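Input: structures, listed below.
The following pair of complexes shares a single chain, subunit A, combined with subunit B in the former and subunit C in the latter.
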Partner chain A sequence: MIDTLKTKLKTGDELINESIIKAKNSNLNAFVTIINDAKVEDKDLVLSGIPYVAKDNFSTKGILSTASSNSLKDYIPFFDATAIKKLKETGAVNIGKTVMDELGMGETGTTGHTGAVKNPWDNERITGGSSAGSCAAVAAGIVPFALGSDTGGSIRKPSSYCGVVGYKPTYGMISRYGLFALASSFDHVGVITTSVKDAALVVDTIKGIDENDMTSWDSSNINLTSSLTANIKTKKLFYIKEICENNYSDTLDETTKTLELFNETLNKVRTLGFTVDEISIDKTLLNAIYPAYFTIASAEATSNMANLTGMIFGPRGKGKTAEEMMFDHRTNGFSPLIKRKFIIGSYVLRAENIDRYLFNSAKVRKIITDKISDLFKTYDGMILPASLSPAPKADDKLPVYLKTEQYLAIANFGGFPSITIPSGFVNNMPVGINITGNIKDDENLLNIAYNIENILGYKNQTTKGGK
Partner chain B sequence: MALKVVIGLEMHCELKTVSKVFSKSKNEYNDLPNSVVSPVDMAFPGTMPLLNKEAVKNSIKMAMCLNCAIPEILIFDRKNYFYPDLSKGYQITQNTSPIGVNGKIEVEVGDALIPITIHDIHLEEDTASLDHYFDYSLIDYNRAGVPLLEIVTDPCIYSPDAAVAFLEHLRNIYKYTGASDADTKKGQIRCDVNVSLMEEGSTTLGTKVEVKNVNSFSNVHAAILYEIDRQTRLIKAGRQDEIIQETRRWDDETSTTVRMREKVESVDYKYYIDPNIPKIKIEKEWLDEIKAEIPMLPLMRKKSYIDQYNLSNYDAGVIIKTKENSDYFEECLEIGINPKEAANWITSQIMGYLNKYNLEINEFYLTPKRLFEILEPLNKGKISSKQAKELFFKVLEDEEEPEVLIKKYNMEQLDNDDELTQIINKILENNKTQVEEYKDGKTNMFDYFVGQVMKETKGKANPVKVKEILLNRLI
Partner chain C sequence: MTKEFTKETINELASTLLFAINDDEVDFLLEELEFLKSKMDAISNIENIQSVEVQTHPFDLYETALREDDNSEEGTAIDLLLANAKNIQNREIEVPKVVG
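Then we have the complex of A and B:
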């Protein structure tokens, strides 16, 4: 899609203005900020004149960055996140900041301080989250790509619900500097696009070692775009039996259909000459993913967000002493959901609890990571449904869906590269598959995803039409 | 019931580095508030720590000097608590695996060498500083993120003198290694002092009272004495249950310790490993490199001065008191000044002058080379020792080279034979009576003639030469 747009780019700001108008006219509540005066700076760069949007938890110089929280409702940063800076340097033009679940803590796209984001395929349904507005904007064809962040599936789940491609590379491949931290050991910067090729193209321009992020690493020998068309030979994939068999309690009709579609998809994948094996993993272990994720993420988030006091940035709290002002800010700045996570985070970090909760969760994390890493010695990737249903309706029993799907966090546990691509429709709503590869094996992963995308036929899909 | 004091110390010292420990802003003192800060220091959303290798290196140097075990993997933890001077809401420090543990050194207290064991050494970041006014407070983030090394001893110190001797010794090591300027005047050193009393012969430690943020060594001494007195009185009065585990602070105005809060068992800092700083392996090669950079430390130098150069214990002690003095002394030896002579001049003339004018030896005009230029003519008999001392002060007053001043003030001794003979002839001519008396056996007249020559030459005549010529002429 980016290629097509680039050839179309003749009159400079035409594309940008088009995107800004589309953004303004959209009724999805996808934007915290639309940057009306966004302009093309330089016309001869890789992404010159290509409009994009960024999740509102990226630090953008001179542009409101709220992370969809009242605690940052007036915060205008004075520096760009590394990913934003790199996009600027390659000519891409940021036309908006998108709504997310407050501070990234949510899976529905309904908890931002400016309200819920609507799914462009059906406005009655949610987008999923937390990269809600970013996925909605790409799915609605407002922009060809968006920046998101993924801590436990926050790019890959809403991408499934919105029928777009969502990719988070290996941990540390894209610098996190300037991404508002949620859970630092799980946080990834990633992209949302309408094709694997666009995802490769954008990540190729923003990846790389960054002196400001000690966890970033040198990936200069990796070229995702050129790896797409490499020889696929016989790739080996596996799926986890316990996740894909239809024995969920409270099974919904849409879940049954989603799993049927997944099996059909696997058969299509096999036609590429890929081996797709079924692997069984102890259900007790799989059931431990959610609590382990929740415990670690809450602990890290509690500490990471202790800087939100309203003393240096964000609305200043009321009170006579600094302590009173901080107390007031943190009382009024967060929704009850966030405060609940902070309380849990504080609880599991307490000296008398840390062994039982945090360290045990860390053990679960390690056991799962080791298990999957071990499988990657035999397999090129793990293929799973990116969601166990299409996007639920806003009034559905959300928790039932969401808890069962926390297996997407496996990729965050181990820092594995992971990508969601659309694989069809259930009840006229898009769903996707998710493929996860081994650490730093992103080229292989995208090569596989590109070939599967080709046979599935949902490339360049938006609500405005495909291809 | 004899009571014995048990002291444990925590010494915080700001390390010398170009930039801060986790950001690129400069690590330098600046009067203008919030002028050396970066987004990282102020914890703007999305910022991440960037570990300063130099700070780690300086910490390792100190760990080596204190004979600590150094871990193979470098780990940093977050200490979580809210306070207005803590921008992130947590302090990055080392809890899981400090940079040094189980150290041991010996410190001179008077004539005795006492052992002190180090519990651990950890690298952390300093907080911002707060200025409190009547109804508002101001925060200065210049200090936020300055590398801070905390050295924690076991409760193994048994007198205020030993505590201060230990702190002075540490300060000296900081300076010798260059790990810190360790300047108490600039607030670079802050100490927490733990004091408890126990019965002589008992093995159970008494209740520990912590006096926090004591900012000078003399106050450390005073705070310990005050606590010994306060706790002794309570025990003697049968009120030992009033000694509770608590945090106090030293109050300068009243010279007492004042209760801040009851003790920390209730504060849970929720330590956990910082996920933004990868675990870093400390390579052995790097340790070897660091070890090679550590200069000979004060006690070693002292021993070598006594053994090699026959200096007195006192002189050697004065010279090693600061690295600058010791370096000055060693530079003197390098350019050929006799060790004893150098030591004499340093401990008497030079120290006297520096103390009088409150100067540091490294800002002293009289460099070892200039000292050499004073001592050389003295040793060659060109100037007298009295003149050498005069010349010493002239050099400092005029800030001129000794060579120039010797000429300027006409200091060079008169030792030209012909000139002296002429002068002596004249004096003998004018004192015929005295010459007769001398020849009649009144030999003490000899000194009279010498005195006359000196008077005539305004003291510049070389006395040895004068005596020689006189003896010849009076035969």
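Then we have the complex of A and C:
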């Protein structure tokens, strides 16, 4: 889509102005900030004139960056995150900051301080999160791409619910400098687009080693865009039987249909000449993914966010002493959900609990990472449904198993590159598949996704059409 | 038998974390912690889990490069650092007296 848009550019600013108008007219509550005066600075760069939006947990110089939390509702950074800076240097124009689950800690898109984001395919349904507004804005055709972050599926799940492409590269391929830390060992920067090619193009411009992020690495030998080639035939994929079989205790009708569609998709993938094998993994281990993720993420988050005090940034709390002021700021700044996660994080970090909770979770992480890494010695990728249903309705009582539907976090455990692409519709709502590859094997992963995308036929899909 | 999770424990943790929570949230948390504990009990039954190493990062292939000692960085202007603080006086952030 980005290539096509570039060829249509005449004055340079028309796409920017069009996107700003669309953003203003949208009823999705996708934006914390719309940058009204955004404009093209240099007309001759790779992404000159291409508008985009960024999740509100990216530091943007001079532009409000709230992470959708009252604790940061007036915070204006004095520097750009590396990903934002690189996009600026390649000519892309940020036209807005998008609503997310508060501080990134949520998977529904309903917990931001400015309210819930609506799914553009059906406003009664959620977008999923936490990169809610970014996915909604791309799905609604407001912008061709968006920046998001992914700690346990926060790009890839809402992408499934919104019918768009969501890609998080290998851990550290894109610098996290300037991204508000949630759980640093799980956090990834990634992109939301409407095609694999666009995802490759954008990530090629923002990846790279960064002296401000010690976990970033030199990926100059990786060129995602030029690695996309049609008609590859010999790839080997696997799916996990226990995740894909329909025996959840309180299965929704939409889950049955989603899994049926997944099986149909696998058959289409096989027509490419790919091998797709079924692998069985101990269910006790799979059931441990969610609690292990939750425990580690809560522990890291409560430490990372100890700096939210309202003293040097954020709204100042009331009180006579510094402690009273911080207490007031944190009591009023965090929603109940965030407080619960901080308390759990603090609990598992206590000396008497750390072995049983945090260290056992980190051991589960090791077992899962080793198991999947081992499979990648034989297979090019793991293919799974990106979600077990289309986006639920906002007032739906979610089935119990959704609480354990956290297998997308496997890719965060091991830093594996992982991409969601749309694969069809269930009850007129989009759903996607998720493909995960070995670390630093992003070219191979994207090429697999590119070839699968070509046979599925949902490239450049938005709610405005444009397939 | 002493209960592992009590309202007192939750309130003590909240107090350490410098925020208040209401009784409904405490009740919800007690349920959530019981849920987490049951899952953790299941994890402790995973075969040979005690002999597994903990994993704290995605992978161990980081490239670290030593920079030259003379590579000094330009600092951030103080007015930028203070731009988000609500109470400032000259070059300092104003806070209530901490030390008696």
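Everything that follows uses one rule, which is that the second predicted complex is superposed on the first by the 459 of 467 C-alpha atoms of A that agree within 3 Å, B and C clash if a C-alpha of one lies under 4 Å from a C-alpha of the other, contacts with A are read in each partner's own complex, and residues count from 1 in each chain.
Following the convention adopted for this analysis, contacts are C-beta pairs under 8 Å (C-beta built on N, C-alpha and C of every residue); 3 or more make two chains touch, one makes a residue touch a chain.
Please read these numbers as outputs of a predicted model, since none were measured by experiment.
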Dominant toucher of subunit A (residue count), subunit B or subunit C: C
Subunit B versus subunit C as contact partner of A:Ala299, first or second or both or neither: first
Partner chain in contact with A:Leu349 - subunit B first, subunit C second, else both or neither: first
Which of subunit B and subunit C A:Phe334 touches, first, second, both or neither: second
Contacts of A:Thr284 with subunit B and subunit C, given as first, second, both or neither: second
Partner chain(s) touched by A:Ala81 [first = subunit B, second = subunit C, both, neither]: first
Touching partner for A:Ser185 - first (subunit B), second (subunit C), both, neither: both
Contact residues common to both interfaces of subunit A (with subunit B and with subunit C): 75, 78-79, 185, 211, 214-215, 302, 309, 311-313, 322-323, 326, 346
List of subunit A residues in touch with subunit C within their complex: 74-76, 78-79, 171-172, 185-186, 209, 211, 214-215, 217-218, 284-285, 287-288, 290-292, 294-295, 302, 309, 311-316, 319-323, 325-327, 330-331, 334, 336, 339-340, 342-344, 346-347, 356-357, 359-367, 369, 412-416, 439-440
List of subunit C residues in touch with subunit A within their complex: 9-10, 13-14, 16-21, 25, 28-29, 32-33, 36, 39-40, 42-46, 49, 52-59, 61-64, 67, 76, 80-81, 83-87, 93, 95-96, 98
Residues of subunit B touching subunit A in the complex: 39, 42-51, 78, 80, 82, 84, 87-90, 137, 139, 268, 270, 272, 274-278
Subunit A - residues contacting subunit B, complex: 57-59, 65, 67, 72, 75, 77-79, 81, 176-181, 183-185, 211-215, 299-300, 302-303, 305-309, 311-313, 322-323, 326, 346, 349-351, 354, 358
